[in-house]
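In what comes next, chain A is part of two complexes: it sits with chain B in the first one and with chain C in the second one.
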Partner chain A sequence: MANSDAPTVSEPFPIFELANRYLLYDVNTITYIRAKYNIPGVLIGGLPQAPQQNVFSGIPLELMPEEARLLCEKGVAYVVDDARAHKQGFLDRGLSVEERKRFAESLRKQGQAAASKVKEKAEDKKQTALRQIASGGDWNDLPEDMLKPPSRPTSRAANKKKAGRPPLETGGLDEDESLFASPMNSFPKPAPTSGSRVNPPAPSRGLEPHTVTPTTSYPPLTAAPPPLQSSLSTSRHYSLGVDNSAASARLPEAPSSYPLYKDLHEKGYFILPGIRFGCKYMAYPGDTLRFHSHFLCNSKEWDEEFDMLDLVAGGRLATSVKKGWLMGGMERPSKGGAGLNKPKVRSFTIEWGGM
Partner chain B sequence: MADLDEDALLTSAPTADEIDLSEETQDFRFLSAFGTNEVKIPKRGEKDFEQHGTNLQSDTLAASRQAMHNALSFQRVHQPKGYTMATYHPESNMAYSYNPKGPLFARMGQVLSALEDPLGNDERRGQRLWLLPEELIYLLERGTIDVRWPVSEDDEDDRALPMSVQAAYAMCIGGTLTLERHIVYSSLKRAGYIVLRSADFNGSGPSPGTECYPPLPDRTWRGLHHGRDGCLLQPALYRSYADIYSRLALVQFHDPTTQRPQPSNLPVTIPTDLHQPLSSISVTYNIWKPGTTMFKKSSPGTPDFRIAVVNARETKVPSLQQLSSLMEAVPYEPPKQDAQLYQKLKHGYKNVILAIVDQGVVSYLRLADAAFGRERLYGSKSPRPGFKHGGSRKRGQKRR
Partner chain C sequence: MDDNAPSRATATVGTQVTANLALQIAHNLRFAHDWTELRIHYEGFSGSGSLPRPVISGLPPKRLYVHPDEQIELLEKQRKQGSTKPLELAPEREWVLPSQLHEQWTLGRFAEVFDALDAIPSVTSDDRATGHVTSHWRTEQPKRLLLATIDTDSTVVYYVLHNGIVKPRQN
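Now for the complex of A and B:
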């Protein structure tokens, strides 16, 4: 998994909408839009491999409405009403028996792969431990706690049956788990206590698959781009499982600062929401993973009046964190030649002089 | 003086304690520092100022992206040991699990009473733990539980399909659980706090009770000092400055210890509400500190903090009216009288934490009903406790 430098995603790809928030769940799409479209988004989920921390976050990725709109305007993405798609697919039996079966089967395969991976690891550990002993030779050198099974008191009973084994498997529990895996979708039954002597390592084919929680729902759900706006008839049906009405050709509604966002983005900046510094956006000169931000951006209407004090406060704040305070907005379209030249976005940076 | 301030602003580098790593996009290459055994937090990755077109830079970036991609591709696999299954219940938008094992469930989920349980009062009701939507998402995302869709006839041998992370979000976000509320919930849970819904979660809860108001005071001493003839200080024998100062304290101040419910004001406030329809801010979650050992789900006790979740893009700076009604609903909790001056001001007589969410980024802000007028600076024996540390911080409010 995840070995290619830049995963490619077929366009247009779906953006999932939940009550006017725009989310992405597919890791390939997340990496792809970051590399190709300079769109970082904000990861809002937790990482299951490091669950008790907030420094690194995980899937899903929340997109600002501006980001979602930009992608839709480029024609590389479309919006899917995700709650609706799920209700139709899973609750209203939109998925056919065939699709369900296929999905369950693929999950079973993934679970099987996971189980055999766990087993391999355990086997590996055992081998290295054995090698160590063979080379070291002295059993008395083993640390005391290595002889104890690394488990909580609750699993005492389960450990008893391992008494016959060489007591050096620190990773032995994993193997144990895969051998006595309970069938999918049932409560873990206590492992059979009768013939529980040293089990010969079962071939991975015979492993009970582990259960897997998938990250995305696509598949089994399928998303297809909405029909072009000219043919907005609801009568159009696809033979696919999900009724296509979950996808829509509507553009996400972006706030009035969208022109500034778009302009900065076109100039190659990565944009993140600006709450940390009390502004609308933060503009980064490159990927936010690698660079510090340069500008704290605020959007204004062309003739909008604002306090001189805002300017001083913003300028001082930005300068003290080594950034520029940027203010921008769309020029008012000229009265005469409407449509001749598109209104431009102009922006200004302010730096505290500190004379 | 002004110059000193500016220098301090520009030169003082934050100390290690002050750096909040979650404030910035982190380099995922440092994630590996989170080993299973090590609880070490990675050092802040060095970032560059701008692109300089070197291979080194682009390689580092590619490595960071790859590390992020790998970290995000983690597959949630449930080992048979400690496997916990829950079933989603679409009608109530909750999930239930029978006798789930694990320390997390001591502080999450609830067994519902016979009347409340959506599945009715069958014999397994006592073992059935119901998970709220935010608990469902959090646990599923954490890889702790395997949530299943309800079984349908299409499924072979009673095995329902598992819910994906995406499905959990799609089904559970909406209604009163906004995405912002969930983001705050899960980030607090990840930080180790115990988080429960407040009574106001589904709109306005019960109107503020007596616990929201200070006990009736003994206010005999007030107003006795002021002479009526316009002379502040009668010529007399004063033995201490405190006597004089207390007579000079004429300015009215907001005193949280004397706030009373004012039913007579109700007709006045309602028209202004109609005139200016403001979404009210209310307490969303009650929070207990991570180390609370005595916590019991059945009787959680007084929370350590109360959090109101606010969407940065949809909310203006709260008006005094909104703040007052928010404060009104919070129980009265005077600071310890022997605490330090700035501690007392920061804690206030009531306080709420606002969690402001801007497109997935959260900022916490503490609002306290502080009583400056009650902290007398004259006559205190110690030379202004906490004075040295107090200068750089805004009184009564603290940004995290």
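Now for the complex of A and C:
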């Protein structure tokens, strides 16, 4: 179960379907389903700080259709058609005038807050810099003897400058010195100007609010769960209700390997897509960050024929990476006792014999 | 043989062929891999009818399969005894299922074979004489058999097939 420090997410939570992908954008939900439902998913988002690398990705998290379906079957999640919800919300005037106004106002406030924050920060920076300059020689934390010219002629030059700043009297040496001297000497002049330029406008003139481009649709839209289960049998298609049709009680379509996925998941395995090893799933005995996977899994129909060569190749590959090659499928219900015991998934594990 | 059931493994290969196949695998086991006490079984356990195809049982020269948990137990035992070399393990009788490379198999056929087999090949009189005891590791784990696959050039490859989900060995 979830750790005490794991975030709590209110169920059912929305899974966003976009271009036949099932996505999660909320890091809390992502953590939550991993901790509570053993569903890792795959992070597919690029990282803004390191856009070139593709080893460690960020949100959104893509769920396999199997994962999305499992969560929906458990009743802890529902699928929202993202494009449709967006269209309904923003283009079809799904939001009332009132709501739009409120949203625009909140955006403007956000922009204003951002603008004043930026201003404040700049002001702070300036003030600290000025204070440091005013407080003495170590204005940039350099040792003093580095700033104070060691040799006599230069110190004299500095004194001269301090005394009255005689224009263009300086020789070659003094020109070198001005590199260091200028900030100290120029201190009295800029200070009042900067003050006069900065201080008065801040209170008097209202800030131009920054333009905020909203990156999320929720809010302002609110995702509401579909009317639950009551119409499950007829809800293969979107219900065409007035306000809620983007979210639906429909279960995501999962591939034919879903029974195997579900069986392994029920047995406590964490499942990742298996393309890296040329199989359907990789099954981990615990969290995928802590364990190596145990099995390379392939799903077959009960009567689906396969080549022995595939089995040999798979078995050998799996053994060479210290795993087992697992093949499983839904057992065909026997003709005699139909309906008595529901069909179960049966799996076989293959390892190299070592001889 | 039930010729009306197309899903049976025997439907793909004739009985005479499977019998010859079993014999060929048995020869490979006996002469290439030093197995002993080989038997070819035509009947399933306790009168469950005939097997889909003949299955071989035999005794390998050394233990063929050690479950990872048993291995941990053995290593601990070894550490307690303070010995540096691994403990000797008595070989166990194994089932061997003969097959050909160009055959097609299904999960259903594997299940059929497993369902017709005992967990452990029947103990021979020789085993009893040597006081052979089957370890609980064998009886508690799902059934297993050795899948022998032969190519037309008579190369045989052997794979351990478990009737269920069994975690891999730490090679």
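Throughout what follows, the second predicted complex is superposed on the first by the 210 of 355 C-alpha atoms of A that agree within 3 Å, B and C clash if a C-alpha of one lies under 4 Å from a C-alpha of the other, contacts with A are read in each partner's own complex, and residues count from 1 in each chain.
In the analysis below, a residue touches a chain if its C-beta (ideal position, glycine included) is under 8 Å from a C-beta of that chain, and two chains touch if they have at least 3 such contacts.
This is a predicted model, so every value here is computed, not measured.
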Chain B versus chain C as contact partner of A:S106, first or second or both or neither: neither
Touched partner set for A:T211, first chain B, second chain C, both or neither: first
Touching partner for A:P285 - first (chain B), second (chain C), both, neither: both
Touching partner for A:T222 - first (chain B), second (chain C), both, neither: neither
Which superposed partner A:G324 touches (first chain B, second chain C, both, neither): second
Chain B versus chain C as contact partner of A:F348, first or second or both or neither: second
First (chain B), second (chain C), both or neither touched by A:L309: second
In the superposition, chain B vs chain C on chain A residues touched: B
Residues of chain A contacting chain B in one complex and chain C in the other: 285, 294, 319, 354
Partner chain C, residues of chain A touching it in the complex: 264, 267, 285, 294-295, 300-309, 311-312, 315, 318-319, 322-324, 326-329, 331-332, 346-355
Footprint of chain A on chain C - complex, ascending: 7, 33, 60, 64, 99-108, 110-111, 146-147, 149, 157-171
Contact footprint of chain A on chain B as seen in their complex: 6, 9-10, 21-23, 25-28, 31, 34, 41-42, 47-51, 57, 60-62, 64-66, 68-83, 85, 90, 98, 138, 140-143, 146-150, 152, 154-156, 158-167, 169-171, 173-174, 178-179, 183, 186-187, 190-192, 312-313, 356, 358-361, 363
Residues of chain A defined as touching chain B within the complex: 1-2, 5, 7, 16, 18-19, 21, 23, 25, 27, 30-31, 34-35, 40-56, 58-60, 62, 64, 82-83, 85-87, 90-91, 93, 95-97, 100-101, 103-104, 107, 110-111, 114, 118, 155, 173-174, 176-178, 180-182, 184-185, 187-188, 208, 210-218, 220, 255, 272-276, 285-292, 294, 316, 319-320, 354
